[in-house]
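Structures follow.
In the two complexes that follow, chain A is the common piece, with chain B as its partner first and chain C second.
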Partner chain A sequence: MDPRLFRITPSGGWGLALAALAFVFLPMVSTSYWLSVFTSAACFTLALAGVAFMYARLGMVSLTQVGLMGVGGWVALRLNHAYDFPFEVNLILAATVTMICGWLLALPALRMRGLYLALVTLMAAGGLEIVFATFQFPNGGEGFWGVQTGSGEAFRRPWLAQSPENYLRYVIVCAVLGFLLIELHRRLQPGRAWALIRRSEAAAIAAGVNVTLYKTWAFGISGLLGGAAGALLAGSLGLLDDGTFRASESVMLFALAVVGGARHWLGVVIAAALYKVLPALLNLWGVDADLAFVIFGAGLLHAVITAPDGIAGQILGALRKKGGRNAAG
Partner chain B sequence: MALKNLTNWLLWAGLMAAIIALLGWGARPNMLGLFIASGLAVGSLYALGGIGIVVLYRATGVLNFASGAAGAAGAMTAWQLVAWGWWPPLSWAACILVALVLTLAYGRLIAPQLAWRDPVVKAVATLGYALILLGLVSFLWIDEPRSITLPTDDVGVRLLGLRITATRLIVFAASILVVVGIWLFLSRTRVGLQMRALANDRSLAALLGIPILRVETIAWGIAGLMAGFTGLMFANLIRLEPVVITFMVIPSIAAAICGRLESLLLVLLGGLSMGVIENLLTLDPTLRGVRPIAPFVIAALVLLWYQRGARLTFGGRD
Partner chain C sequence: MLRVEGITVRFGGVVALNEVSASFTAPVSGIIGPNGAGKTTLMNVMSGFLTPVSGQITMEGQDLLRLPPHRRAHWGLRRSFQREEIADDLSVFDNVLVQTDHSRTPSGEKRREVARMLDLVGLGAMAERMGADLNTFERRLTDVAKCLVGQPKVILFDEPAGGLSVEETHRLGALIKAIPGESGAKVLVIDHDVDLIREICAETLVLDFGRRIAFGPTDAVLADPRVKAAYLGTEEVGA
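After this line comes the complex of A and B, so read on.
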């Protein structure tokens, strides 16, 4: 096996270091309010990794990621209330089912590109939103939909991570595994195929790349990550609310991936922080929630106009410039 | 080609008849008529929203997510002016004016800076603008039940034994008039010709010396007028709530998809069909809950139908 496969790049090293720091210190310094905020931020990091990966590696726009998270969360909750499986089994099954949903979505969507692909996924997100709003998420009731009125039953967390502190650590580890999964793919054959497809589909077909297979594969990975994120979110909150999984949230998630910078892991982390941590901060400072929208929108416009590679691109560019000057001096 | 077109039309007519028959089976004809009439009104709203989006998209390449938000801002302004005791027609004009100004402001100030980016990025930028508008509107008008009434709400027209409010008829007529009007504008006027040139090929059109900024401004203006009118009518017929009006843009896009973001007539038919089917689903006890899903399912099916037989081929500009 090629040793370069497991080589740690400087950027990857920084990412792992940051994750390790977050793993050790974040739960120690957080109050219970911040614990839940950081846990959802970590869940959304995982989902965002899928969106950003599809956009950066293949130029495909998925506007249904939050809907897929809802699918994963639904499956995890349903399994949790129906059987006595441990959390990990629920997580893996939920991620797998969502991956299959991603494939199903991919098959018709494969014939479309650019804006049309985005619109197809937007329609799927709109449909999922209404399904969730109508049937709600399972909370231990009877029947297939498993919904009962009043308070629901408890959701079992992994035995490794019963406390909120440890659960945050658990989610961080899952998010890191998600990033590593993408990176591994990028370094193997699929990564080379994706790079070729992104350049030119004609060239990819001519070079004998099975474009359909690799595009579907990408959708599957994105769905897998989204489903896992949904199941982890269900584990964090114990129950899910359909308001979390609106189509507008999916659009927002993609927008933030662009703002943060889809090409770099730092951009994904920034996007998740903007999505979950910033509103929590504003809430704490007593800023009206509606004004948070204004800040969000203005930030989005600013980032889209001035920074094609997102905030991460700007930060890295500034660092590189500084490093270059130091080296020259 | 003509034969293929004819098959498409027949298929559409047949499907609509089958769906109406299937869902309306056993309902009293009167009841069925009422559902279809109010479905046509809702569908006209989708279509009007969709037409504004398509006109703008064709001329400027921007898919405007902010049209709903501009309409919401206009509708809330109209409500406020009436609450302050203004003469109602003036407040309706203000609604359209506010939406027009907001849309034009984006078109002149922000859109040119993104002219050479991906269509998707352009669409996402309008989402940012929509968020700003929505945030400001929800901040200015705290959440409480409101409504806009139009004098035509109390005027009933008897048509084939059904009593239909004049507002619904106005919306329906407006959607048809707008399609005819814009079609005439595009095919008969000089600006219309320039707009079609831009839609065909932007860089070639620029090379030919077409005044892009002027033509685009006119397109943004049309989009703003449509957003204002749709917002006002939506507020009257369905609900006056900023969030609801803002995200009405998603079913409007579904209607726009039915016309492949291209044909106004198909957008109109798509929107109307969506409205009718969505309303008729109320008659079915099991599907009643998921009624609002209709536009998305229809749009997805239509997209698939358009793409049938197409092979995955070389990426180009799309």
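After this line comes the complex of A and C, so read on.
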């Protein structure tokens, strides 16, 4: 086995250290309001990791991720109310179903690139938005859709994470596992194939890479992460609302992945913080949370014009420069 | 023997290749011709990126045109492009290893072969360097190493010396010439550098406007008046 497979890079080490600190201290210092915000941010970190992975590794723009989160959330809720499975089983099944949805989404998208691919995924997100708005999310009712009027039944959280504090820790662990899954792929055969596909599909084919297989695989991983994020969000809130999974939110999620920096885990964390923590802060300060959209727009312009690797790229570049100066001094 | 028989390719009303046939028997063969002659089109047909209207390409009893493009690579066809296609965010080692990923050979054996081929092209010490940090010549050598791994049967080089200095071209020529001895693969080279073709190719096919105008031993082909006319024009040759 390749010894480099389990090597911890300095960047990975910092990521794991940050996750460990968040795991231990974040639940300890957070009020119930912030526990809810951070749990939601951690769920969206997992979904963002999928979007950023598709964009950074294959150059593919997926604008369906929040819709796929909705699929994961729907399946988790439906299973929770229909059967007595443990949360983990619901989580795995929800992620698997969403992965299959990702594969299905890949089929029409495989022959398209760039703007056309983005449009196809956006149309899928629009379709999912209509389905969620029409049929709503299960809350313990009868029939296939499982919806009833009035308050629904309670959602069972993981045995290990009954309290909000422990649930935040649980979601942080899941997000770290998501990042590790992507990194494992990056270091193995799929990662090499994706790098070559992004460089040139013709070169990848000439190297014997089955481009269709590996593109579908990437859609599947992105769907799996989105589905897991949706199931975790369902676990956090107990029930889901169709307004959370609008197509416009998928566009926002992708834009923030670009602003944060899709090529680095730090960019994904920054994007999740911008998406969930910044509006919560503005709310707390009594400022209209819609101001966040203005900030996102400015951030996107900044990324497009001057920072192709996003805020994370700029931070890491500045740190490298500082490190270089210190070494020279 | 690599046999190309009656290959015709049309782009709408334009006939890019017109009943081109040649049986390549030499270890290293060349394909030359003026711009737009159909050289790269022929390589694209061999690689599977273009489907001909008619014709056959066979080697060792395998009809290459029946295989999808990535299966041709599994069979043993290798291809380098005019622009060296090296992934910037993969190391030199991984850029070469990707060519063997489809094979069922044990991982350790594959890694040893990659290391051996990197040594052969002179990049052994650079195996961990990232693609983004390579110069044009190093990228081209990585491309050559990629073509050498996984027991290749036919290697197609499309203008491998483009953008290289005279010295680098000379080194690359020597390397390409050594490939059949090292790997047993047959090599086809497209290039505009006639000196390079003369130096490394025992036989050469000349195309012009999609037609074969000469094929045979390189010195004889390069001395052919029709070939000189294709490159220089009839007035200059007449003068």
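Definition applied: the second predicted complex is superposed on the first by the 329 of 329 C-alpha atoms of A that agree within 3 Å, B and C clash if a C-alpha of one lies under 4 Å from a C-alpha of the other, contacts with A are read in each partner's own complex, and residues count from 1 in each chain.
Following the convention adopted for this analysis, a residue touches a chain if its C-beta (ideal position, glycine included) is under 8 Å from a C-beta of that chain, and two chains touch if they have at least 3 such contacts.
Quick caveat: nothing in here was measured; it's all calculated off a predicted structure.
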Chain B versus chain C as contact partner of A:Y33, first or second or both or neither: neither
Partner chain(s) touched by A:M112 [first = chain B, second = chain C, both, neither]: first
Comparing the two partners chain B and chain C, which touches a greater set of residues in chain A: B
Partner chain(s) touched by A:V211 [first = chain B, second = chain C, both, neither]: both
Touching partner for A:V258 - first (chain B), second (chain C), both, neither: first
Partner chain in contact with A:R192 - chain B first, chain C second, else both or neither: second
Touching partner for A:S200 - first (chain B), second (chain C), both, neither: both
Which superposed partner A:W14 touches (first chain B, second chain C, both, neither): neither
First (chain B), second (chain C), both or neither touched by A:T134: first
Intersection of the chain A residues that touch chain B with those that touch chain C: 200, 202, 205, 211
Complex contact set, residues of chain A against chain B: 61, 108, 110-116, 118-120, 122-124, 126-127, 130-131, 134-135, 200-202, 205, 211-212, 247-248, 251-252, 254-255, 258, 288, 290-301, 304-305, 308
Chain C-touching residues of chain A, taken from the complex the two chains share: 1-2, 189, 192-193, 195-196, 198-200, 202-203, 205-211
Contact set on chain C toward chain A in their complex: 47-49, 69-70, 73-74, 78-79, 81, 85-90, 94-95, 97-99, 101-102, 107, 111, 146, 150
In the complex with chain A, residue positions of chain B that touch it: 63, 65, 110, 113-114, 117-121, 123-125, 127-136, 138-139, 247, 250-251, 253-254, 257, 261, 289-290, 292-293, 295-297, 299-300, 303-304, 307, 310-315, 318
